Amino acid sequence: MTSAVTDPVRTPMRRRSKLAVRNTLLGWSFILPNFLGFAIITLVPVVTLFYIALTDFNVFGKGDFIGVGNFVKLVSDPLFQRSLLNTFYYSAMHVPLTIVVSLGLALLLNTKLRGVSFFRTAAFFPYITSIVAIALVWNLLFSPDAGPINEVLRFLGVANPPGWLTSQDWAMPAVVIISTWRDMGFYMILFLAGLQAVPRELYEAARVDGANVVQRFWNVTLPGLRPTMFLVTVLLTIASFKVFDLIIVLSPGGNAAPNQATVVLSQFIYQKGFVESKFGYASAGAVVLFFLCIVATIIQFLINKRRSA
Amino acid sequence: MVVTQLGGTPPVKSRRPLVGDRRPRTDRDSGGFARARRIVGSALLIVFALALLVPFFWMVASSLKGPNEVFSIPVRWLPETWHWEHYVELWTDTGMATWLRNTIILSTVVTFLQVLTGSFAAYGFAKVRFPGRDVLFLVYLGTIAVPWQSYMIPQYIMLAQAKLTNTLLALIVLQAFGAFGVFLMKQFFETIPEELSEAARIDGLSEYSIWARIMLPLSVPALAALALLTFVNTWNDYLGPLLYLRSKENWTVQLGLKNFIANNITADYSMLFTGLTISVIPIAVVFLLGQRFFIEGIATSGLKG
Amino acid sequence: MKRTIAPAIGLVVAASLTLAACGAQEPAEPEGPVTLTLSGWSLDTTPEFQVLADGFHDANPNVTVEVVEYDAAEYNTLLTADLGAGSGPDIITQKEVKFVPVFVDGEQLLDVSDVELPDGLGGVESYQVDGTQYAVPYRQDSWVLYYNKDIFDAAGVDYPDGSWTWDDYDDAAAELTTAEHFGTYEHRWQSTTQGFANAQWDGDIFSGDYSYFSDLYEQRLAREGAGYQIDFATSSANSPTYQGEFGTQHAAMLPMGTWYVATLIAQQASGEAQDFNWGFAPIPQRSESTTDNPVTFGDPTGFGINAAIPEEEVAAAKAFLAYAASADAASLLAGIGITPALTSDEVAEAYFAVDGAPTDDVSKFAWSTHDTKPENPTSGETAAVQSILGTMHTEILTKAKTLDQAIDDAAAAFSAL
């Protein structure tokens, strides 16, 4: 047992580092299958993207290295500023609204009553419906003169109902509504799965303690949903920053020219990269988008970590 | 802390009564007032559900319209003449059978791989502490943050060098190793109490066995959710197949349908919607059947104070 | 660390792009038959590629041209991906003029200045960058005014005779509008108004001064306001097709490109469009002074040669380009309803001999006599400016901004470029 009699400081360290090595190998053995595919297929092109952002490449890779020139240009580009603003505006509305609606749906439909599966399926249908159909029907619903939505508004006494998708002020709210309608089924499923992990006994205990529905929600459901809430918030935020296809099909005229009211970052990137062939410049925009998402994610990560402590 | 669940058998899944079912019946549950509330509640739910389905109804109705009727002013909700033959024509006049076959293969393989590698990697992130874990996880998340169009060309060139273009394998490789699955499963694994794993470790189970025999069975809702969402996303993906699948025998449903329309002099959207309606059916079926997996109760029973 | 990674990655990218190019240049068989690949789209409904491929093969049995199909809507993106990966076609069809500078900048096109082109070939300048010819046009569409003769008769309005100005057009639209149909239909594309403004007002989109658009936009807003044509917002919401609107006699007139002739003939034959008498006339002019040579706009479609093509195939490829622009090819194309870049009496005869084509003199005049200005000037900045103008188009017609405000904002956006 002489080996055990060693420098008291050194023993824990050596054991700790041995443990760290063992854990590293163990952790990597789990991660490796997924990570290998991910690294080769996704990570390498993404890193390439970062390099391209420092050049003025056109889409064929011809151009020069210009360092941070693209980023300097971005700062003074009115279209970029507009898309950044619109992206924040869209996300600020879309994220809370979708969380509330999809969580509400999940709570409401988390029962085994008869007929509930019909409603759950109905909630999921917008997500699987073709985007062409979605764009057309919602364009009709939001039609300023003939659409049902404005007819209802007029019936309720609103004198000048908004122009929705054709107006500068109301186009983005209209897009947010449609987008939430479409996404809620997706996030509802994530919440439903998460709700199953909340232990039943806690509800029982709370009820025994005299907690009402609202109190049970705040003290049992929400804390139990924390990991799922983190998942949903991060995914939803990133998806909102990245929104693209819905904006395109809902732009009036369908000529894909950026509409000042709804142009977002992804559209800016597409416009500069594929329409104007300024690939380096577009990549710089993508890098900005990346950092926005990372910062938002890190903030949420830290909040999540603190809550779980 | 006494742990009553020992041994190599994983906890049994049991159907637990859900919140709301065991509330003692009060006066408010019976009588005319309650019935009225239920009726109004159901009516509202039905209206809400119908609102959700309106675009889908329009799509189905449009699939039965004649050419030049789909987009018209004023909008027509129902067809003038019902062209049921579209549903037959779709099978005979187009390559729908081939497209469906390709799409089923693609979606199934990608879903299987995503669920497998994703949950496997998630265990590493959730249950093993090693240096650099959090940073690596952030890198994963970071790649979700970049729009695919930004790097799809360099990625394409890379896969072309590997002679993978125009194959289903290219798409499988592209989509099977995503960060989404890892993220979803990691969050779910974190809700599983550490005590279960510890008990298993004491019993001599390796980490891999813990993953297979404890984590997975307890994560059925999350696995089901991941499988469904991956399946749907792969099924409906358009840009990926567009870029990589060039020959007709490789096309997926979305690609085949769009191409069929473009190749039609009249751009007959009614046939597009026929195809899209048919394409939605497998997903709806999978969803209806798979629903109970999301709502399965999990037993964390056996853990007493 | 970062400083060595960036150039390293750059090397990887450059290397893979170069490797791709090098790979394509491995020498193939020096003798024997040559096969050239050519990029096309919507092959089932766009027979022109195969027609040219077959015609060329008949004249040169040693050379086979294989048409490779691309998705029509994403043609340029897919083509770019393939060129980057080294699997692009030998002959690159130029679907849109605004991408030509992109290909030239990317060193993807061979210099074809030495290909002999016939006199009077339309659209040649669109394929010149810095004085060098990079592609050859085989097809040149232009915009004309389609009109429904039956509706005109019923309303007692005289057919357009080639001397119309935009005021005449307005008057006709007013008289032709009834409860059953609009006087005219103008599609949502920005070109339906801007193309004419650029051509007839000698507008320069690179001048930054867009006030020359006002006249046509004012007139269009007036027509939409009075109900003579569908307003832009409703059109955006309902997405009607121009083929549908004119083909189901929902509108009496339609300004559109000459490519629609073949489609309308086919649709009337299959019953998808209704049976009615129609013709087409020169587009309304700014003033009567240009009646003899009406001014309109249109872009050519042409063929370029992949810069990475093997040496031995260059001669055959250039021969194909020359063939595509020749009179023989023009007659073949006219016979399937395509408007070739080379027009002549012979070609016109072939075009109007097609079953179902209009046979009146005005149509023949409109088809063969026109001063066609390019829709898109060939420049690397065209795409960016067109986007700004597209935004302006939407803003004006959805009345999100006043006409003057939108024009000023467009000018501001241009100077910020």
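The letters A, B and C name the chains in turn, as written, and every chain counts its residues from 1.
In the analysis below, a contact is a pair of C-beta atoms (placed from the backbone, for glycine too) under 8 Å apart; a residue touches a chain by one contact, two chains touch by 3 or more.
Model, not experiment: these values are computed from the prediction.
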If you average the CA coordinates per chain, which chain's centre is most distant from that of subunit B? C
Weigh B-C against A-B on C-beta contact pairs and write down the one with more. A-B
Just curious, how far off is subunit C from subunit B if you go by their C-alpha centres, in Å? 41
Measuring from the mean C-alpha position of subunit A to the mean C-alpha position of subunit B, what distance in angstrom results? 16
If you look at subunit C, which of its residues touch at least two other chains? 13, 17, 77, 80, 84, 234, 238-239
If a residue has to touch 2 or more other chains to count, which residues of subunit B qualify? 71, 74-75, 152-154, 158
Residues of subunit A touching 2+ other chains? 48, 52, 59, 136, 140, 146, 274
Across the complex, what residues on subunit C touch subunit B? 13, 16-17, 19-20, 41-45, 69, 71-74, 77-78, 80-81, 84-87, 230, 234-235, 238-241, 243-244, 247-248, 250, 263, 266-267, 270, 272-273
Which residues, counting only subunit C, touch subunit A once they are in their complex? 5-7, 9-10, 12-14, 17, 76-77, 80, 83-84, 99, 102-103, 105-108, 188-190, 232-234, 236-239, 380, 383-384, 386-391, 393-395, 397-401, 412-413, 416
Complex interface listing, subunit B residues touching subunit C: 67-68, 71-75, 152-154, 156-158, 160-161, 165, 242-243, 246, 258-259, 262-267
Complex interface listing, subunit A residues touching subunit C: 47-48, 50-52, 54-55, 58-62, 65, 76-79, 136, 139-140, 142-147, 163, 165-168, 251-261, 271, 274-277
Mind pulling up the subunit B residues that touch subunit A in the complex? 16-21, 45, 49, 52-56, 58-59, 62, 71, 74-75, 117-118, 120-121, 123-125, 128-131, 133-134, 136, 138-147, 149-155, 158-159, 173-174, 176-184, 187-188, 190-192, 207, 211, 221-222, 224-225, 228-229, 232, 236, 269, 272-273, 276, 280, 283-284, 287-288, 291, 294-298, 300-301
